[in-house]
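Both complexes below contain chain A, partnered by chain B and then by chain C.
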Partner chain A sequence: MATYLLRRAAFLVISLFLASVLLFLLLRLLPGDPANSLLSIGATPEQIAAARHQIGSDLPLLEQFVSWLGRLVTFDLGTSFVSTLPVGPEIASRLAVTVPLTLLSFLLAVVVAVPIGFIAAYRSNSWYGSLLSGLSQLGIAVPAFWVGMLLITVFSLRLRVLPAGGFPRDDWADPADALTSLALPVVTIALVMSASLIRYVRSATLDVLGSDYLRTFRALGSSFTGAMWRHGLRNAAVPVVSILGIELATTFLGAVVVESVFALPGLGSMLIKGIAQHDYPVIQGILFVSTFAVLVIGFVADLVQRLIDPRLRGTVSGNAR
Partner chain B sequence: MKSKMTSLVGATLMVALTLTACGSGSGSGSENAPAAGSGSTSSSTGSADPNATIEVGSLYEPQNLDNTGGGGQGVTEAFNGNVYEGLFKLGDDGKVENLLAKDYKVSPDGLTYTFTLQSGVTFHSGDPLTSADVKYSIEKVLAKDSQSARKSSFTGIKSITTPDDSTVTVKLSTKSISFVYNLSYVWVINNQAKDLTTSEDGTGPYKLGTWKRGSSLSLDPFAGYWGTPPTNKGVVFHYFTAATALNNALLTNAVDIVTSEQSPDALAQFKDNKDYKVNDGHSTTKLLLAFNDRVKPFDNALVRKAVTSAIDNRKLLNSIWGDYGTLIGSMVPPTDPWYEDLTTVNPYDVELAKKQLSEAGYANGFSFTLDTPNYDPHPTAATFIKGELAKVGITVTINVITADEWYTKVFKNHDFAATLQEHVNDRDVVWYGNPDFYWGYDNPEVTKLVNQAEQSDTTDDQAALLKKANQQIAADAASDWLYLYPQIVVASSSLSGYPINGLNSQFYAYTIKKS
Partner chain C sequence: MTAVTEADALRTPRRSRRSTTLAIGCVLVGMIVAVAVVSFFWVPYDPADTSGDRLMPPGLPHLFGTDKLGRDLLTQLMIGARIALTVGVGSVALGGLLGVAGGLAAGFATRWLDDTISALLDILIAFPTLLLAMLVVAVRQASLGSAILAIGLAMSAIVARLTRVLVKRVLSQDFITASRTSGTSWPRVVTEHVLPNIWPTLLVNLALQLGLAVLAEASLSYLGLGPPPPNASWGSMLQEAQATVLTSPVGAIAPGVLLVVLVIGVNLIADGLRDVADPTRRRTR
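The block that comes next holds the complex of A and B.
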């Protein structure tokens, strides 16, 4: 397990480095000069040159990259071209919205999807089993922003029970206030996310229900609940956990749209603005942090799988069977 | 999902361009003497609550808090007149009034300006206002690394001296009647201030409370203010990236007022609702079909006139803004002192257009490429223009480009036949006097009028000369001024005393009352 952890950690660092190279180069391939977006129509060539110099976009690419990477090692994500303010602290303050939003949505989605997925599988031949399965199919087809707008119309504009958007000015100083602001966005993401999760839980459960070992265990006199508890859940959980990792990462990245709909000051709205303004340090910073988060989530998902399934523990890649 | 994303990015881009690509204008003209008048604000209603905080919704968050360091349109909206004050103030009605300058004198040759400062003015940090601060503030706009859109307006300054603590003397190399007007854009900042990107030190009625980036910015009344204190207990600007979210905030009372409504479709829900007031003010933003007047066929005024007459601007305006917005027929908006209605110079008349085209030698029409910025309303307008011009035999190819491409291709390299662009500033008709500007309009008569106007002795002379220039560019159809945007402020009915024209993105909040 220790070797595994070491190798996995090395893999994490290498992935991060490769991702940062890729990020840097891809952004520089975009047409346009960030200095253009800083200045006004009356800008003189001297003003443009000064702006370029100030933001360092007149330096050779390699030099820009080395200086960015150098600062990255010390957790300094650089300074925004546009605002001239440091990127790191702003990302940190935005994470105070995006991380709780992602985790709460994820939790809610799991809480909703696991029992429903199980019932949909266990009662797959009944009318409500088919109904649940059909509804989840529908859920996958519905875009998150549309669900968000629908929820706003019902709960904010008509019933007036929850805010239509925004986040408290003092962040989490009043947790109840912050949670109220996150209620609709969390439900929005969770609804869309649970739709696909239900499908995975259902198929994993169906696999287990039809398995030989479950039948054998029951033949030995165990009750269905006992059999499911001892063997079924564990076996069904392995594929579901790996999907959960991917789902969590997707939610973190996919919060962009939902944040816009609900006017939440999270990473997403910062990213959209950065892209529009050619603000490379901002885009790089956010994508780097996101990449980091996604890789860590993957790492954790791998670990959890190993805890659940002893058969995987001796392997590095996780493909034991 | 994809289309939603595109529109969101588009909205952000639009903001970026209006504050960068067009955020300038070597403003010409001003009031020679301080003008009276309090600006056009909404009328008062009911009894006001002096302890109310005004919640303002806006699409324009500052980039940072330094208006010479790239703060952009947002910092002007939040800070101009509220946190920082200039020697002069541009009222909501377009008139220039004294502010930190108590009085000023101009030498007979028009080259030396002597300003006397108001007494008893202190900065938010507690330091008193002195002439050295004024000198520092003007020099900050002129500095090498200054990103101020107004920098080019002050190139005529020869020297700034401070004979004593309350007197500033500025010498100019050429006469400039707009000098006082231009000074209304220069914020007077404490020359001891350290960090201007995330904090401030101004003399205005409000001081900065907190700025939570990506979300909101609050202003608290400044107890030591030298003038009339605000009529409210503070202001909070809430920032949105999507117009829909902003409208929802207004509908759920999360905000009291929207500084500039940018989604025409949303107006219906406020218009017939007694809880809200929709104010139809005058903006200074013009949508232009700008020809490249240097190249065929648009180097021929007759062709430009024909194109202008072939497009039904009223119908275009209605299709985008409904009953809002104005046709002006030339570059000058109603809030500029030299405005006149010139919509009859090139009327919508398809037969006339056809006649002019055949006179110009294009009886069978021609084709051209229209460089169209990829954000609203440009693509809509381009499609409309394409349809209109097809009726007179002109084939339009729409080339959609980003704001950044526009800046390089059209603005810098002049590599275009015609383009669409919004021009946001007041008093920007003077660009037609500059033959090197991107549209390449070169009429020596207009250049002379614009220069003479700047050298005028009185504002009346200046206005008369710029009126002539405006008439001439209309007669030449230098561009097709499609329409003037509406400036729509939507507010809760409980609010009064707010600015409705929002000239140059200003938003004076200190007279707002909530009942």
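The block that comes next holds the complex of A and C.
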């Protein structure tokens, strides 16, 4: 396990490095000088040169990359072209909205999806088993932002019980206030996410229910609950955990759209603003932090999977070759 | 040969059930395709025509009413069908082509190159389609082409990884060794053995990707990063209707319903195709 941890950690660092190279190249090699966003339309050549010098885009590519990477290691993500404020602290303050939003939605989705997915599989021949899988089929076809719009219409505009958007100015000073603002966004993301989770849980449970080892264990005199508890859960959990890791990462990044529906000051709205203003340090910083989060989530999911399933312990990245 | 055997009799109900999934999917998608085709030849009004009264309820002369600028909603819905299908099919074509080519290359590559490509693909896949798409739109202008390029590129990583796994699985089979031993060249092995063995699974996956691409386009447009007007997209229609959802609900509901119909239709077709292509998975439907 210790060697595995070391190798997997090395894999994580290499992936992070590769990701930073990719991000850097993507933004530099595509047409358009980042300095353009600092300038007005009738800029003189001297002004252009000064702007390029100011942000360092007149240096050779490799030099730019090394200096970006160097500052990255000391957690300095650069300063915004537009607000001239450091990017790092702003990202940190936005995470105070995005991280709770992601984790709460994820928890709600898991709590909803696991029992429903199990029932849909266990009772797959009954009318409500079919109804549940039909509903999950509907759920994966609905765009999250539309669910958000409909929830706002019902709960904010008609019933007037929950706010339609925004977040308290003093963040989490009053937790009840903050949670009320997050209620509808959390339900929106959880609804859409549980739809796809239900399908995975259902298919993993079906595989277990049809397995020979479960039948043998029952034949040896174990109760159904006992057999599920001893063997079923662990086997069904393996594919579900790997999907959970991907889903958590997707939620973190996919919160972009839902944040925009509910006007939440999260990472997503910062990214959209950065894109609109061609603010490269902001875009680059957010994407790097997101990649970091996604890779760490993948790391943790791999570890958990390995704890559950001894068969995987010979492989490095979790994908058996 | 025409006598009905017992095996045939047993197979019939199963076949009819899987063709129901396919048939419903085809009907749903067919309706949207029909609307899109008609929109090329005829739409009730010019999409940029703002002469109608604002926020009219459904009725005559505007069958579905008008939006907050007085534009005809039916016209926009019809053009939206065209945009959704164009972006969906375009990005699947691009992502499929790049992905299959990349996956084939990785599948045949040496261990070292294969590991590098796989690691890169894993990182690309870690990003949801939408975020990569936003990145592409950030450096290009928001346009129909950008949307297709962005969604297609993001999709190609997913398709490439799947293709690589499928290719590896086929290449490890004995009939490949047999074919090589009897003197078949690698290009012929690809066209005669590898592609015919992997295309059913690929096709199912591409159908699922089409549904995801349509959703991604709607989200991009909702964020204002999709094709600009007068290319009315369902996503941007929903965004515009959000403020007036109580006074004129049609504009906030109709585009969403059409989106769901199209995506469910595409997913049902994928499910139906999967049952045809892979009999072992029928049980888990």
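Going forward, the second predicted complex is superposed on the first by the 288 of 321 C-alpha atoms of A that agree within 3 Å, B and C clash if a C-alpha of one lies under 4 Å from a C-alpha of the other, contacts with A are read in each partner's own complex, and residues count from 1 in each chain.
One rule holds for everything that comes next: a contact is a pair of C-beta atoms (placed from the backbone, for glycine too) under 8 Å apart; a residue touches a chain by one contact, two chains touch by 3 or more.
Quick caveat: nothing in here was measured; it's all calculated off a predicted structure.
In the superposition on chain A, A:S242 contacts neither chain B nor chain C.
By the touch criterion stated above, A:D207 is placed in contact with chain C alone, chain B being left untouched.
Contacts of A:V142 after superposition on the shared chain: chain C is touched, whereas chain B is not.
Of the two partner chains placed around the shared chain by superposition, chain B and chain C are both touched by A:L157. In the overlay built on the shared chain, the residue A:S260 is in contact with chain B and with chain C. In the superposed model, A:T180 makes contact with neither chain B nor chain C.
In the superposed model, A:I283 lies in contact with chain C only, and not with chain B. With both structures placed on the common chain, the touch criterion links A:L295 to chain C but leaves chain B unconnected. Contacts of A:A50 after superposition on the shared chain: chain B is touched, whereas chain C is not.
When the two complexes are laid over each other on chain A, chain A has residues 31-32, 143-145, 149, 152, 157, 256-257, 260-261, 272, 275, 278 in contact with both chain B and chain C. Looking at the complex, you find that chain A touches chain B at residues 31-33, 36-44, 46-47, 50-51, 54, 82-85, 90, 93-94, 143-145, 149, 152, 156-157, 160, 163-167, 169, 171, 256-257, 260-263, 265-266, 269-270, 272-273, 275-278. Listing the residues of chain A that touch chain C in their complex gives 14-15, 18-19, 22, 26-27, 30-32, 137-138, 140-146, 149-150, 152-153, 157-158, 203, 206-207, 210, 249-250, 253-254, 256-257, 260-261, 271-272, 274-275, 278, 283, 287, 290-291, 294-295, 298, 317.
Across the complex, chain A is touched by residues 1, 4-5, 8-9, 12-13, 16, 19-26, 63-64, 66, 69-70, 144-147, 149, 151-152, 197-198, 210, 212-216, 218, 236, 238, 240-242, 244-246, 248-249, 251-252, 254, 402-405, 407-408, 411 of chain B. Within the complex formed with chain A, the residues of chain C that make contact are 119-120, 122-124, 126-128, 130-131, 134-135, 137-140, 211, 215, 218-219, 222-223, 225, 235, 238, 242, 245-246, 249, 252, 256, 259-260, 263-264, 267-268, 283-284.
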